[in-house]
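In what follows, chain A forms one complex with chain B and a second complex with chain C.
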Partner chain A sequence: MLLFIALPILSVLLQSVHTPHDAVLIEIENCGPFGCTTSTTMDQEATRALRDEQPLGKFVGLDIYFDRGHLAVREVVQVWAESEGIGDFLASLNNLPFYRAMGFTLTFTFTVTPLMLIFGFMIALGVNSLHRKLKGFLIFFSLLPMIVSPLIGSLVLFWMIDSRGIIGSALQWIFSDPDLSLKASTGLTWVMLIVYGVWHAAPFSFIVLYAGLQTLPQDTLESAQIDGASRWQQVRYVVIPHLMPLITFIALIQLMDNFRVFEPIVGFNSAAHATSLSWFIFNDLSGETRLLSSAATSSVLTIIGVSILLAPVLVRTWRDFNAKG
Partner chain B sequence: MFLKRVILAGAATLMSGAAILVSEPAAACEIDGRVSIIGNEFPAIHAVADGAKACSGGEVKANLTADHQKINVAGMTGNPAEYTTAIIANSSIVALMNEDVIRPLDDLVAKHGRSLKPNQLIRINDEVMAVAFMANAQHLVYRSDILEEAGIEPPETYEEMLAGAKVIRDKGLLQYPLGGAYKAGWNLAQEFNNMYIGHGGEFFKPGTAEVSINNEAGIATLEMLKALSEYMNPDFLTHDSNETSAEWKAGNVAMMNMWGSRMEPLKDPEQSSPEVVATTTLGAPMTVAGGSVPATTLWWDGWTVSKNISDADAEATFLAMMNGISPERLDDEMALLAVWLIEGYEPTPAATGVFAAANMDAVPYPMLPYQGLLHTALGNELVDFMQGKEDAAAALADVEAAYTAAAREKGFLN
Partner chain C sequence: MSSYSLSEKRRPLKLKILIWGLVGLWLVVAAFPFFWTLWGSFKVEADFFSKADWANALTAPRTVAEHGTAFIGEAYHGAWVQEEFWRAAVNTFLVCFFVVCTSLTIGTLGGYALSRSSYRYAFWLLIAALIFRAMPPITLVAGYLLPFFEWNLWGHLATTIIVLVAINQPFTLWMLHSFFQKIPKELDESAKVDGCTQFQAFRHVIIPVMWPGVITTGLFSFLLAYNDFAVTSILLSKENQTMVPKIASFLGTTQTEGNVMFAVAAVVSATVPLFLLVLFFQRQIVSGLTQGAVKG
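== the complex of A and B ==
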């Protein structure tokens, strides 16, 4: 626990309150295949001296947390002062990267999590009522979306929904609109990502709930049938309460997973329409930019975000546990 | 007796001479050390890495991937470094310079690099930091048959390209006659850079890291990009050079601004339909808004040697990479892959666009320590404008704000 969880978090925290030293820049001459030009470069010796003095970098406290790339405190205050109403305020807020990413991430989390639970539960009920010989085959089949690696799964769909792909062309034909493009509209991109999220995650809730269904006490179900409960009433008053701890468990895992949504954004090339904190980290770490402090800050914010999301579920589980104890 | 000795000596000389002749290809590159290459993934780079791998005496590994920029700095930071050489371009050498992970090559060039031409040596502050082997630039490529059918001349300016696109669409030849690598992120930012340079814009206040793109040139640049995108496949914000090339090969595009290093596959009969192969024609880069500087940038690709490795490994790496770009390896097949800076290279038809760019005095992509930060900010913040959610001035203000936050974090601005 100490080595694999506490230490990395501590290191990320440390990184997020430090930035690289001020760069010492010098004017130099660059020569290459296209001639010589005067340019600027970093004075490595002077920079190294600074680094050796303070290897951690420059301490900046919470500056990075509050800058435009993250919580953007100054910008939010300014937007609040300038906006004419709550709608205008939200629209302007959407222009700041962190809040735009949160807008998508929270929408994604709170639509995908319940939908995947509902679908998973329906599939589990369906498969459970099948003949024994059909079950094995169908279980394997239903698990396929989870087996496919997320990046591959999203790439396959990405090509199908291309405006020249099979689904993209079919939609253009159905709506007889040759300009219709799923990838060019923010709303449709969100719908596509959510559909993909449900498709990918439903098998997980299906397999857990299906396992839960095998432990369903038959005598309780039979007494309900004798009492004249309809199929819906049996599900509502016997099956669901029995599966409740499992549903809590799945919701917990999925809230966490969906908050960190990343692969579909890369796979669908949808950074123009939807971003998430995880995507920020990926983007900050790319070659020419390498904003390590910014990436660390986004990681800390992700941890805080996940904790806030999970708090209600954790508190509830804790209470249940105590009540039973 | 004397005669016998002469004959024997002659025979020995002949034999050893024959032995040298026979064994020369294998012994041409003998190294004594470890070589590990990290670089981008396209045919020209593969050819160079294959040449390095032909060396014997030491282990030569290559990791060629489109994600090279995400791993090269990390892979060269340790001591000893995992990668002994990184193949980079004039934009990406900056990250390696900023982190101080590559070594000056002057002594190795003096010792083993006599065959290099002076313009292959990338001198930064009077030290050779990289050896360039190919040049690249974006330029016009068009379908001669479609332009002829529409009755238009190949465009020399972006204004003519727009007018031509309208004619092609109005005549019902193609719904989306233009192509372009406008994918959100690096590619879109690169198109902005091209067009901004074409408008005569300056990215920074002279001599400082303070950005200044929110001006008339910036706004005109964005308006032009937007106007062009109206004639592109509506998915243009997800199309990089690969997808744009695929659209071209499928015959869906009549004109586009594309990399010189991507030309050869467009004319490959195995990838394109016969009419695309027959009519794909290379042009020069276009100018914009009456300017004389073409709206494109010049690039070189080259290799560096790690700082954090032993001198023996550095020498082995230098020798192996020299073998990768040796003039003897430059056969007809390799010559087609790029515009080589190697001695003895004769321009092929695939190179005309890049040469035209150089002759028009196109500017090289700027090698400033903070240019990459601006590139990233452009790539992220311009998409709102391209989707019509924001006006040009607001988008440019966003770019400036995003850049300033990043530059402050990196210590370029206070």
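== the complex of A and C ==
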């Protein structure tokens, strides 16, 4: 296990401080009857020899981290100096690919997580009050959006949202705008992706919260009823506090899952308007030129992001575990 | 059952309507896209993506006009035969089968050993599982890629299986570990008193009791392998692709007429196994999802 966890991280770290070798160039002077010309050609053999000798490439330190494709320190400083006000600064920041990806990833994470919790809770309350036979049926269909591959799920929605698909044409009809296309505008693309995220994740919170509702203590609820609590008050002061540990658990899991949002961007074909950190890495890795070191750098930055996100959780788990043990 | 069914009779009509409305809406939102796509996959593209009228997807005038019947299997034929989607299906089956087998073998043995040892592995396992859940698998893939190129391992199914198992393993171990912990130690002690060796106790006493846990864990590693896109799309060569990256590659060539319908058919074909899985193993999936929460 160690082999497959520690080594790739190490390898990523190593790659991120290297860059492919420049080709070895030689100058050749061609002298003919009409004077001499110099042409520069690549020395294939020397280049290959150099590449074989050091497959990682040459050591460049943290240069890649700071270049335009990643942290872009120089550009950020420049933008900061030129822009007037925070809004302007953020807008210019949005032109740098890494920050754009990060912006979307964070927005996605912090909108989808609360929304899916609220929806999941409402559905759980609703389903819980239904007849027993219906529950099984509902749970069956609720599992579907969660269990299908994210790519497949997003494609299914994407085709419906297409301006020639059913939801797309419905929206055009509602807003009576025949040219309305969700794919064309950045804002709407984000909304679309967030809706997909909620659709995909709500079943999870629904199932977990629904299971939590089954363990609700009857007597507390009864005494609340005797004390004259209204239905809303019962939910607010009895049900929600009882479910609180579950809600934190779901929130944590979802924060992690949403932070690595990736497949929907491929499925919705929305890279022009919204990119996520994972997609950013994927884009470097796939295609003709595999930009390994660039991808590795983004990976390291992403891992750092995850660990910042995860640090409170780890600390809490550590404390809980010590308290228990 | 629950407290809410207690007060069922006293519920005002307004609330009832609200609940039914909400649940009904959710049912439509959750299930409708799948049925819509299934229905549409038997049409021609001009009907499923109709410029003129959305109702064309239901009545399919173009499909009738071109083929004489409202239900055609052209898209499936195109995807499975012409684009060789069956090859991807076979690959998916191989990958899933071996991932599940390997991770369960390591997981049951390891989880059993960990749960019977006195040292507090549990915490570190939990941490490893958490970290792996949190890290986008794609960040690791970047690390695997260069060594795999160097050693000529890239593109083979076996490599991908190993990587998927590795990514999956902390989670599998942790899940099985907590299942094993529920089985009382007395059970293997009494087996040993009856003259079993440690391994025999594991094989003949513990595993039969463990089946539900093993099945649940197996389901989850199957889902991981089946749904994965990041690892399989990068680590597999074109002819070894599994279903999900194959569908993604259909998307790249949507320009030519009919290709979109191939992708639709492929998506439907890839959803069917999952549909069956939920149908038969709903209880295990739900228990697996909630088990982690109830413990944590």
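Keep in mind that, in the parts below, the second predicted complex is superposed on the first by the 280 of 325 C-alpha atoms of A that agree within 3 Å, B and C clash if a C-alpha of one lies under 4 Å from a C-alpha of the other, contacts with A are read in each partner's own complex, and residues count from 1 in each chain.
Methods note: contacts are C-beta pairs under 8 Å (C-beta built on N, C-alpha and C of every residue); 3 or more make two chains touch, one makes a residue touch a chain.
These numbers were taken from a predicted model, which means no experiment stands behind them.
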| item | value |
| --- | --- |
| First, second, both or neither for A:269, with chain B first and chain C second | both |
| Greater residue coverage of chain A in the superposed arrangement, chain B or chain C | C |
| Partner chain in contact with A:170 - chain B first, chain C second, else both or neither | second |
| Which superposed partner A:228 touches (first chain B, second chain C, both, neither) | neither |
| Touched partner set for A:142, first chain B, second chain C, both or neither | second |
| Touching partner for A:129 - first (chain B), second (chain C), both, neither | second |
| Partner chain in contact with A:249 - chain B first, chain C second, else both or neither | second |
| Contacts of A:162 with chain B and chain C, given as first, second, both or neither | both |
| Partner chain(s) touched by A:283 [first = chain B, second = chain C, both, neither] | first |
| Interface residues of chain A shared between complexes with chain B and chain C | 162, 164, 269, 285-286, 290 |
| Chain B to chain A touching residues, read off their complex | 68-70, 72-73, 90-92, 94-95, 97-100, 119-126, 132, 135, 175, 183-185, 207, 209, 233-238, 250, 252, 298, 300, 341, 358, 364, 366-369, 372-373, 375-376, 380, 383-384, 386-387, 390, 394, 398, 401-402, 404-406, 408-412, 414 |
| Touching residues on chain A, where the partner in the complex is chain B | 19-23, 25-34, 36-37, 39-42, 44, 47-48, 58, 64, 67-69, 75, 95, 97, 162-164, 178-179, 181, 183-184, 186, 268-273, 283, 285-291, 293-294 |
| Touching residues (chain side chain A, partner chain C) in the complex | 1, 3-5, 7-12, 15, 55-56, 122-123, 125-130, 132, 136, 138-145, 147-152, 155-157, 159-160, 162, 164-166, 169-170, 199, 203-204, 207-208, 211-214, 216, 218, 221-222, 225, 231, 245-246, 249-250, 253, 256-257, 259-260, 262-263, 266, 269, 277-278, 281-282, 284-286, 290, 292, 295-296, 298-300, 302-303, 306, 309-310, 313-314, 317-318, 321, 325 |
| Chain C residues touching chain A - in the complex, by the definition given at the top | 1-8, 11, 15, 19, 22-23, 26-27, 29-31, 33-34, 36-37, 40, 48-51, 54, 57, 120, 123, 126-128, 130-147, 150, 162-163, 166-167, 169-170, 223, 226-230, 233-234, 244, 247-248, 251, 260, 263-264, 267, 270-271, 274-275, 277-279, 282, 285-286, 289-290, 292-294, 296 |
